[in-house]
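Paired with subunit B in one complex and with subunit C in the other, subunit A is shared by the two complexes that follow.
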Partner chain A sequence: MTLLNAALQGVFLGAFYAVLACGLSIMFGVMRIINLAHGDIAVLGAYVVFVIVEHAGVSAFIAFAAALPVMVVLGYVLQITLLERSLKAGILTPLLATFGLSIVIQNLLQLAFSPDVQSLGGSAGALTTSSWQLAGGLSVSALGLVVLVVAVLVFGALQLFLARTRIGWMMRATAEDADAAELVGINSRSVYAWATAMAVAIAALGGFFLAIRSVFDPVSGPTQLIFAFEAVVIGGMGSLWGTLLGGIALGVAQTLGAQVHPQFAVMAGHLLFLVVLIVRFGGGRAVLRAAR
Partner chain B sequence: MTLLNVEALDCRYGLLQAVRSVSLRVEAGETVALIGANGAGKTTLLRAVAGAHRLHSGRVVFDGVDITRLPAHRRVALGIALVPEGRRLFPSLTVEENLRVAASRRRRGPWNVQSVLEVFPMLQQRRRRPAASLSGGEQQAVAIGRALMSNPRLLLLDEVSLGLAPIVVDAVYRSLAGIISEGSTVLLVEQDLTRALRVAGRVVCLLEGRVVLEEAAGGLDRDRVVSAYFGLRRPA
Partner chain C sequence: MKVARWTRTSKLFTGGTAGVAVALACIPLVFESDVVQKLTTLMILVLLAAMWNALAGYGGLLSVGQQAFIGIGAYGTVFFADQGVTPYVAMILATLLAGAISLPISLFALRLRAAQFAIGMWVIAEVMSIIVRLDQNLGAGTGISLIQMNQYEPNFRQAYTFWLALAFTAIFLVALFLLLRSPLGASLQAIRDDEDAARSLGVRVAARKRLLFVLAGFGCGAAGVLIVANTLFIEPGSVFSVQWSAYMIFMVLVGGLGTFEGPIIGAILLFAIQTTFTQGGPWYLVGLGATAALFALALPRGLWGTVEERLGLRLLPVGYRVVEAKGEERAA
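The block that comes next holds the complex of A and B.
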């Protein structure tokens, strides 16, 4: 039964990875930008919440609600200043620009907050400590459940938005053919800016979950980016539901790996990622050929 | 009334000069056909008018307003719609979504999803299917319908017959004839000379980025068109 419990914990962990990965998936899906600063933006979001908690003395959840509009504006401005210009210079430039942005965010955070490790777990109330023991040795933590429910709601809402609303259609149209979208009257610059704003806001949600479920510091971003990136690739690039499932698959691989050995957890996730890469890009046949 | 006035237009792709100092007027209610060999600059000229290709120099004036620096989506709001070469539908969107997504900068006028489906009845059955699953002719109908959704004053058609079976081309042109007869202004690129001469009131022939012939379609003799088309004898 410990294996089953481990898998269940993996689902909760994976829901967290899926939230982290969601914004990465949006930006890749709409603009074909691989945002290497995504993890750092998530951590930046955590620090914005942290600052509000410290200064206003409110609960972490209220602070997050206040941080959200800040992050939306930040995402919008990021697109129309940095990313839009870098997109015009070819596909490699956004990669370099976001890589630079990642370093800038990490160093600014170090300057402003020192390299000390922080957590918002204490400001999130009883949620971080409550849990239920179910029959069969299964354990459900309140926080894990909240993250899972929020993840499903975020992905579900996004799916509905893209499938049912005209602005959602405009976003899909621009993602599929930005030039043709302009020709039917869609302002592609504005669509891109809103897509980035959404991605940054959801990244901040991921950073917030990171901050209340464990600890963060100014250089936590790249690790989060790797997990987010693996979730996106495992789920199939550019597919939303795929990203949710990819995140959960990654989480389950890690918690099952931890059953083998605690230090094998992250490695198990990486292995799943590599296997998916090999299978998806036809590497399976190449491996078989080489073995013969 | 002059609806579109293109003055000394120059378009380049890097060092390649695709359109060289082209000036062109289209009067309201007119149908003008742009003809010329491959690479003559027809598509580039249409895209420059629609705002999808940046000019190197020159001016585009639409209904008295200088639109040279306006992005494509704002030109749609003023009443310019392009049916691009190769249709360029949004493949994952359904037929109806392809039409409705094009209505965000809609002007007032007769066209909406209902009236487009009346002109292209073959789309009625397909309205909830993704555009990627349609046949070429159906896709072309959606592309034209999508352009009509903004209720354009100037409709730009780029090779609507490309890659379609002759019988489908006939159907598409029959629908177009109805649209044209309602008084729309149309600037179209067409490879099929006979068809171009039949639908257009005036023909403009491009050769290597320049206008080499511009005349009413009525009394035009075919040999002169052919020689202009291939540049056999350059008119003085």
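The block that comes next holds the complex of A and C.
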């Protein structure tokens, strides 16, 4: 039964990873780039909420609502200043530029705040402490449930947005073929900028969840990026619902791994990721051939 | 019109490089051990930059996980020394181990493209870091000292380590230089310029990339060996840190991606910055990250690549150039 409970906790954890991964998945889907600063942007979002809570003394949820427009603007500006240029310069340049950005964000956060760990758990009210015990040793925390519901809502809303709205259609058309989309009058620059703005806003939601469910510090970003990327790959790159499932698979792998040994949790997630990569890209056969 | 590789400048300079190597070898005889230790650090940076450039500049393989091999080199040295092997022999064995491990990793990693490769390598480095953290014999998370080095008198130890660093750097740079100048090297430079075009002309892209990957595995392993020999203490948090990748990217981007001389210049530049801002600290890293991003966007050929382009200068020639009949030169 503890195993079953561990798997259930993994689903809650995985929903958090899916939210973290969602923006990464959007940007890859629309622009075919991976933003290596994605994790740091999520952590930056957590710090923006943290600052608002500290100065305005409001609850973490109200502070997040206030932080959201800031992050949308930030994403838009990031696209038109940095990413747009890097997109034109070949396949490796976006990786190099965003890796540089990642180091810049981490160290600016170090300068603005201390390297100490912070948490927003205290300012999120009773949500972080209440939980229910179900039959069979299963336990459901209020926070875990909220994250899961929000994750499903985010992915559902995104699906509706892409399927039903005009800008959603434009985004899909640009993702399919940016040049052809330009021919029918779509401004791909603006579509890309909105995609990044959305991605950054959802990354901030991931950072907010990180901050209320555990702790964060200026260098938390790279770990969040790795988990987010693992979720995207496990679910299949370019598939939105796949990212939700990939996140949950990663979360379950980690909590089950922790049952073996506490330090094995992250390792189990990494191994699942590597196995998926091997299976998907056919490296498995080469490895087997070499072993024979 | 004829095709030439050497110019008078490049002949003089390549000859001069050999002279510099000999002069460097004499340094431990003249200078204090703290100078020797600093120059060992410089050698490590040159080696790392050259290896990262071999991967990214010629193979189009952007790795943020080369610290995996740095870690194997460093921890391999401690492991072999603990088995009773003489420390400097343990260092050679650990370098070979890093190269050997890079081969099976390449079978899988080279299937990945762009971001998948970059982050896939990073995850491999993380996995190795976790394995070390789980192993009490390797000091787990708290780190371990290479105590076997105590058998040498400090000044001698510093000199031996410096000579090893010089030898490793020379071997790997010469190997890369010869590799790039061989017929194989022509195909590597073709891959650098246009991978698809090279493939359509019959270049065996996958095999060439594997060669570079394994070379970089050896080279980064050697750098890890030198790190533990130079500092005598390692911990998984620093030796497997992604910061190494940040340094490598900075050196190569600023110096000149895909040029032979560029990474060496980038390494000297980073070394100068590190010795000036000894405090390190966040501002220094903000500067490094911002500079790397700026170079990637605005000056993708780096300092050396730009100089080369403007002046048609070749110091360590790995390509060819067309020499006009009148003696006017044009870069090939």
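What we mean here is this: the second predicted complex is superposed on the first by the 291 of 292 C-alpha atoms of A that agree within 3 Å, B and C clash if a C-alpha of one lies under 4 Å from a C-alpha of the other, contacts with A are read in each partner's own complex, and residues count from 1 in each chain.
We take it that a residue touches a chain if its C-beta (ideal position, glycine included) is under 8 Å from a C-beta of that chain, and two chains touch if they have at least 3 such contacts.
Keep in mind it's a predicted model, so treat the numbers as computed, not measured.
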Inset, instruction - Look at A:Leu96 in the shared chain and tell me whether it touches subunit B only, subunit C only, both, or neither; answer first, second, both or neither. - result: second
Inset, instruction - Spot which of subunit B and subunit C makes contact with more residues of subunit A, would you? - result: C
Inset, instruction - For A:Asp177, select first, second, both or neither according to whether it touches subunit B, subunit C, the two together, or no partner. - result: first
Inset, instruction - Report for A:Phe229: first if it touches subunit B alone, second if subunit C alone, otherwise both or neither. - result: second
Inset, instruction - Pick one for A:Gly185: touches subunit B only (first), subunit C only (second), both, or neither. - result: first
Legend entry - List of subunit A residues in touch with subunit B within their complex: 166, 169-170, 172-173, 176-177, 179-189
Legend entry - Touching residues (chain side subunit A, partner subunit C) in the complex: 28, 33-34, 36, 82, 85-86, 89-93, 95-104, 106-108, 110-111, 222, 225-226, 229-230, 233, 237, 261, 263-264, 266-267, 270-271, 273-274, 277-278, 281-284, 286-287, 290
Legend entry - In the complex, subunit B residues that touch subunit A: 50-52, 71-73, 76-77, 81-82, 84, 88-93, 97-98, 100-102, 104-106, 146-147, 149-150
Inset, instruction - Would you pull the subunit C residues touching subunit A in the complex into a rising list? - result: 56, 60, 62, 64, 104, 107-109, 111-112, 114-116, 118-120, 122-124, 126-127, 130, 133-134, 242, 245-246, 249, 253, 282-283, 285-286, 288-294, 296-297, 300
